[in-house]
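Next up: the structures, one after another.
After this come two complexes, each holding subunit A, first together with subunit B and then together with subunit C.
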Partner chain A sequence: MRILVCVKRVPAVGSRINVTDDGQQVDTAHLGFTTSPHEECAVEEAAQIVERLDGDDHAVVVLTLGPEASAEQLRYAASVGGSEFALVTAEGGLDWDPQRTAVAITDAVRELEAAGGLFDLILFGNESADGGNFQVGIRVAHALGRPIVNGIKGIDVGERGFTARRETDAGYEVYELEAPCALGVKEGINLPRYPTMKGRLASRKAQIQELDCAGGADAGGQSRVRLHRPPERASTTVQLGDSAEAAPAVVDLLDELGVL
Partner chain B sequence: MSDFPARADCVVIGAGIVGNCLVGHLSDLGWTDIVLLDKGPLPNPGGSTGHASNFIFPVDHSKEIVDLTVDSQHQYEALGLQNTCGGIEVARSPERMEEFRRRMTSATCWGIEAKLLSVDEVVEMVPFIDPDVILGGFYTPSVSAVDSLETGTQMRRRATEAGHLQTFANTEVLDIETVTGANRPRISAVVTDRGRIECDTVAIACGVWSPKLAEMAGATIPLTPAVHQMVDVGPFDALVETNQELAYPIVRDMDTFCYERQSAGSMEVGSYAHRPILHRVEDIPSNEEAALSPTEMPFTPDDFDDQLEQAIELMEFLGDGEIKYAINGLLSLTPDAAPVLGPTPEVENLWSVAAVWVKEGPGVGRLMAEWMTHGYPRMTDPHGSDVTRFYPQDRNVIHIETRADEHFNKTYGIVHPREQWATRRNLTCGPAKARTDDLGAFYFEAGGWERPHWYESNADLVERYGVEGRTHEWDARWWSPITDAEHMHLREHCGLVDISPFQVFEVSGPGVVPYIEKMAVNKCDLPVGRSIYTPVLTADGGFRSDLTIVRLSEDRFRIATGAFDGGRDEYWFRHNLPADGVHFENRTEAVATYGVWGPNAAALLQTLTETDLSQEAFGYGQVRDALLSGIPTQMFRISYVGDAGFEIYCPTSAGLALWDAITQAGRDFELRPVGAGVYGTTGRLEKGYRLMGAELESDYNPVEAGLARPRVKAADFIGKEAYLAAREAPLAAQLSTLRFESLRCAEGYDRFPMGAGNEPVLTPAGERIVDSHGRVSRVTTAGNAPSLGAYLAMAYLPPELAAVGTELSVMYQHEQYPVTVAATGANLALFDPDDSRMKA
Partner chain C sequence: MSCVAVLVDHDRGIPSGGALEALTAARPLAADLGVAVNAVVLGDGELFDAHGADLVAACAAYGAACVHRGRHALLADYGPDAWGAALAGFVEIAGPVAVVAAGTDRGAEAMAQLAARTDLPLVANCVDVSPAGSPADASSGRPAGEAWQITRIQWGGSLLEDVTLTSTLPLLTIAQHSVEAETANSSTTDVDVVDFEPELGPQVRQTLVRDRVTLTEGITLSTAPVVVSGGRGVGAADGFAPLEELAELLGGRVGCSRAVTNNGWRSHADQVGQTGTRIAPEIYIACGISGAIQHWVGAMGSKNILAINIDPEANMVTKAGYAVIADLHEVVPAICDEIRRRRDRPT
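And then the complex of A and B:
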């Protein structure tokens, strides 16, 4: 089984997100970076799927498109179950709208498949933590002519493909997809593992294949006008007391909030 | 919640371990109107306390740090918030095993139980350590882990319940206001986003943010935020099964600068081995911006990979643990790695309480409360942490960052007592630097100055005087036999010492006599041209300084103090200036100073001047203006080395010419340049002269130091009441000179104790000696006495032992060496005890 997981490097933000002076980007001066959370779950899901299979001719290929520093996210994936890694270097984040991104990833998938064979499954995050466009996975699947379902909270391997569950207000929708196919997964599908110390050390040796697929298309119709930071909601901490003595005040408050 | 106050006696900014403990102790000492502010939420406002590993290894080589740490442990214990689990430092190198012997010496000195462990003993206590990786261990049963957040909460509660404290979290300080004070700006108010609080006193306990807060008031707190990387890995069955927070001793893997601390089912692995990662205060995110807390910055895994490998080497099972939490935790680094405590010199009533670890937090809270209440701490002499120790050139960001960068990787390092800095050198130099360079001077840094410690040009003297080297590299490090040879040459002929790093102040004006009398124990109102060597005391009667004062004219005095003491002394003299009538000036940079001593000194200098330099015309302790080779100088007949001669002061601009004139004339008198090794150690020690920071500390008084004069002057002075009481009280300790009877170690060669302050004086049977005030007898200075063919030490002893002939021992590197008390009381000189040479 070959599974491709597409991940994105995104800022690890606190409760307040600062915007650069020109209003075009998140100010990352104080921030670290991480893998977009839905995609962290996608890597975990792929790792779990192949771990459940017999044999060892399986691969979890992790692909990212982003600045060179995105290699950090690939190495993280290497420490939590990824087996092969590819990077499409794409500097200048603003020029990368969902259309252009999807074209480049589609090209990358074709290149990876030409060399290593078809992916039985391509996993995307439901949406990226920073852009939140909800488009790239669907555009890539469409371009490749493969079925895709978004919002997935459960995946099982079937005879000819995959069974995927999607959470709805009323329960679950269940889809059966024939391989090759694509799925967009949501946080909650699993609890991603942490890297072990050995895993982290091994990830330093991971080979990252660089793909030259960034030139396939220009940005499409979507462009950013300006980011705005929503007005802050002032929050005041009220100390209800220390240790056991605080219990009555906590009860009163819960009562007041209608929780009890 | 109480209304936001418009006024308070004291505002403490920062509710980490230090600020919380400070308010608790201020309340205990009778401060009744305190406000504590923090911009973050309680109980964890987001500073370094919140991510601390919270463990305490009490053994250190510094008395000051140990006093603070052990006191902190007592406080944590009293609150029931200490878990004593023991701790093992493991060695991977022979050098570290040697260092453990030094740690055993320190542990013995401070009375902390400790033990050297074999590899098997280490593994018996921590079975998951790979025995093949280590050579042995150093075990301290009293190592503990504490709850610093809950301690802070309880300290606050104590002050709040006493009705002395109001606390406001989520309150950001926007400005600290000052008004014109008697001789510098004085605190008037703290402005916050919730209102303005008028106040008399402000204490900044803001950890890594402290420099920014100090700047608001126009002051400096020299520290830089720096990263300490830490990860939490687990879970491990071996740890989970213990069902305890800390079932195993905390392990410090000293040679890889890492630690492994059990935290219930997982292990915290922290490091001081990664590259120094320094930040600026403005780079720290706010509580809202931070993904975790402001001081838990994003982990940079590449910097930690080597440490992961080393941790797995030591404890293989760690490799399978999941890294659940990893941070670049911020802590405070200062230019010399010591805390930054005390009154800021720039702003009156603004106190720095910064660069403190959790292990010292409660102790520092107590120390600072004493300092703010009594004018000086009582629990220990704080001179190594005193914020005023920093000179102006030590307070800029380049200096702070460069030095922090240099010492960060020495956090677990083996730091020699005489270790010299590699960076930020050659910034402050005497006027003869080009000449001393040519002479092959080996420089030590003295208060930022380059001071020749010995001269390679004198290497020929080593053979002439038959000086022997030292066998053990540790003893020989930062030392040269040339020093002893220079010493012998000075005693036989004469030597020229560059003492330009002396800190020189002048005080003048119509009110100067009452002012200087108030500062000094000994009478200063003497005829013009006379000098006074005098202690300067704290209000409690302990040493704050010792220095020399010269009356230059009716209304002008010059004060000369040591290169390491200038910052603290300048603060103290400025702090006590009256509102008007006295002018203070720091003349250090304007004045060059040389010393010429030895049997030939007067004859040599006489060839350069028409001033009569004979003892009859120019007696000991006198000061004269004199032309030397046509250069205007002040000559001061005094000696710290025990031979006749002069300190010579001249304008810095003439310093090079004067050096040349003296050395040229010196050709006929066998003059040699002589380094500070003679001036500061061998010469001084033969004469039993005391040194501030070594023999002289606030823990001791002039009676105990043997510096009490027969009579007490009529004028009032700071500490007089306590001094008078000390003169009447039974003596608890007496400074004494000890002579080593043998330096031969078990391996059959001589060792040379450092006198670094951590070497205990023991009974011959090896028992600690503690006086009736609880002060331990320890070597304050040790060194060679080349003229006596002896190795000497100084130490305070209880009166029953302070008798010539008493046989004792000194521990050095965990071995005992026999010593005999050779002198005690006022005259500690073993060389020329009648001072006949100085009067020759």
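And then the complex of A and C:
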């Protein structure tokens, strides 16, 4: 089985997010980078799927579109179960509009499949942590003519494809897709592993294939003017106490709010 | 007459709360453009027999002048391909000037399917939309122009992004809870209902809901009037027992932070935040949670917040309306005792 996972490099932001003076990006002067959380789970899911299969004729190919530095996220993926790696270099930063991103990723998938064969499954995150466009995976899958369902929190391999569970407010819905297909997964589908010693070694040895699919992709119709922080909710905190003695005051409050 | 079309996403005939917000948000937009708001609902004959009248009434109450009912046997239940193809069919038949949906799971997914099919841009999770030609806004420095000026959320709401949109048919989703759903003033008796039958190929069958499983009966995390959440400060899985008890006493649900799910103390279904659930209870009781921005965006819809934390400087504490600065392991059981004491007291 060949599985492709598309991951995005995003700033590892802390308790508040700062923006550069020109408003064009998150100020990463004091920040590291990480893999967007849903996609970290997608890599883990792909690794678990192939580990459950017999034989060793399986691949977990991890692809990212971004600046050269995104190789860091591919190396991390190598330490937690990825086996092949593709970097689609995007000039001008890593935060393209979603249409342009989707076109470049689609081209990259076609190139990878021409060389290595069809992917039985392509995994995306439900949404990227920063942009949150909720569409790149769906655009790519549609361009490739493959079915996709988003919001997936469980995957089982079947005879001809995959059974996928999508979380709802009260439980889950079940979908059945024939391979080749795509799924957008959500955090919570699994608990991603930490890199082991062996994993760290694999990471250092990982061969990263660079693809230049970005050339043909025009900018989409959505274009950034600036990023800014939402106004903070001004609040004065009423302190109800500094010990368990505060309990009556808390219960008074609950009573006042009508939830008692 | 042309319109701003709103996809009213529903679950087997019950419209989502987000859909009513999207209808509300579409009204000023349509007014700016000088057109009416129309609603699009998708289903099959059986669904419309059972829920059609209620769906139409809801759309009308929230300002739709016309309801387009897309009917097809393959629309009996939800499927992203079926909904996307039906929407694309609707766009061809009705020629709206913009299509809007809620940023719910279904709204977002169906709109992305439509965007993929039409190869048009889709701006996700908008909080403010000014169509082209609308007057300049001196206070925000926004110029009037050809492109639409839109503010959308990034990072689950931690950041805002101003974008311009150039498109022959703007496609938008409205960030959940960014507007309050409000019924329209206009009379609701003369709503038009138009049926259309989209062409759906057999390939849409692949992504139809096959089955569903209910795990939670009654109130859920996103609908609970009270949410009692625990963070890393709870210390262990069994440390949640007093929080469970408090939630039970108040008819609420237990939530948690990502630190808790990452430690395997609770299921991810309980996680509040950017990559978890967005909640909007009457009161959120956050115990041993620092209030990182990604947690806060899931909790900020709460009407009131009580933080229980040993650190008076914690983000959760400084942002909350109420706080108790003490060990949660002492405070939470004391609150439970006090509630029981008052309930047992003869009145």
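Here, the second predicted complex is superposed on the first by the 228 of 260 C-alpha atoms of A that agree within 3 Å, B and C clash if a C-alpha of one lies under 4 Å from a C-alpha of the other, contacts with A are read in each partner's own complex, and residues count from 1 in each chain.
Note that in this section a contact is a pair of C-beta atoms (placed from the backbone, for glycine too) under 8 Å apart; a residue touches a chain by one contact, two chains touch by 3 or more.
What you see is a predicted model, and the numbers here were worked out from it, not measured in a lab.
Chemist: After the superposition on A, what does A:D97 contact: first (subunit B), second (subunit C), both or neither?
Modeler: second
Chemist: Taking the superposition on A as described, I'd like to know which of subunit B and subunit C A:H228 touches: first, second, both or neither.
Modeler: In the superposition, A:H228 contacts subunit C only.
Chemist: Which of the two partners, first being subunit B and second being subunit C, lies in contact with A:L201: first, second, both, or neither?
Modeler: A:L201 sits against subunit B, while subunit C stays out of touch.
Chemist: Is A:R160 touching anything from subunit B or subunit C once the two structures are fitted on A? First, second, both or neither.
Modeler: neither
Chemist: Between subunit B (first) and subunit C (second), which does A:G32 come into contact with in this model arrangement: first, second, both, or neither?
Modeler: A:G32: touches subunit B, not subunit C.
Chemist: Touch check for A:V238: first (subunit B), second (subunit C), both, or neither?
Modeler: A:V238: touches subunit B and subunit C.
Chemist: Contact-wise, after the overlay, does A:A246 reach subunit B, subunit C, both or neither (first, second, both, neither)?
Modeler: After superposing on A, A:A246 lies in contact with subunit C but is clear of subunit B.
Chemist: Using the superposition described at the top, determine whether subunit B or subunit C touches more residues of subunit A.
Modeler: C
Chemist: Per the contact definition in the header, classify A:A12: touching subunit B only (first), subunit C only (second), both, or neither.
Modeler: First partner only.
Chemist: Across the two complexes, what residues of subunit A are contacted by subunit B and by subunit C?
Modeler: On subunit A, the residues that contact subunit B in one structure and subunit C in the other are 13-17, 237-239, 242.
Chemist: Please name which positions on subunit C make contact with subunit A in the complex.
Modeler: 11, 78, 80-81, 103, 105, 108-109, 111-113, 115-117, 119-125, 147, 149, 153-167, 173, 203, 206-217, 220-223, 225-226, 250-252, 261-262, 264, 267-269, 271, 274-276, 282-283, 290-294, 300, 303-304, 306-307, 315, 317-326, 330-331, 333-335, 337-339, 342
Chemist: Would you pull the subunit A residues touching subunit C in the complex into a rising list?
Modeler: So the residues of subunit A touching subunit C come out as 13-17, 19, 26, 37-38, 97-99, 102, 129-135, 138-139, 141-143, 147-151, 153, 166-178, 181, 186-188, 191, 220-230, 233, 235, 237-248, 250-251, 253-254, 257-260.
Chemist: Which of the residues in subunit A end up touching subunit B in this complex?
Modeler: Residues 12-18, 29-33, 72, 193-198, 200-201, 204, 232, 236-239, 242.
Chemist: Which residues of subunit B touch subunit A once you look at their complex with the stated criterion?
Modeler: 1, 41-42, 153, 157, 169-170, 233, 283-291, 297-299, 301, 305, 308-309, 311-312, 318-324
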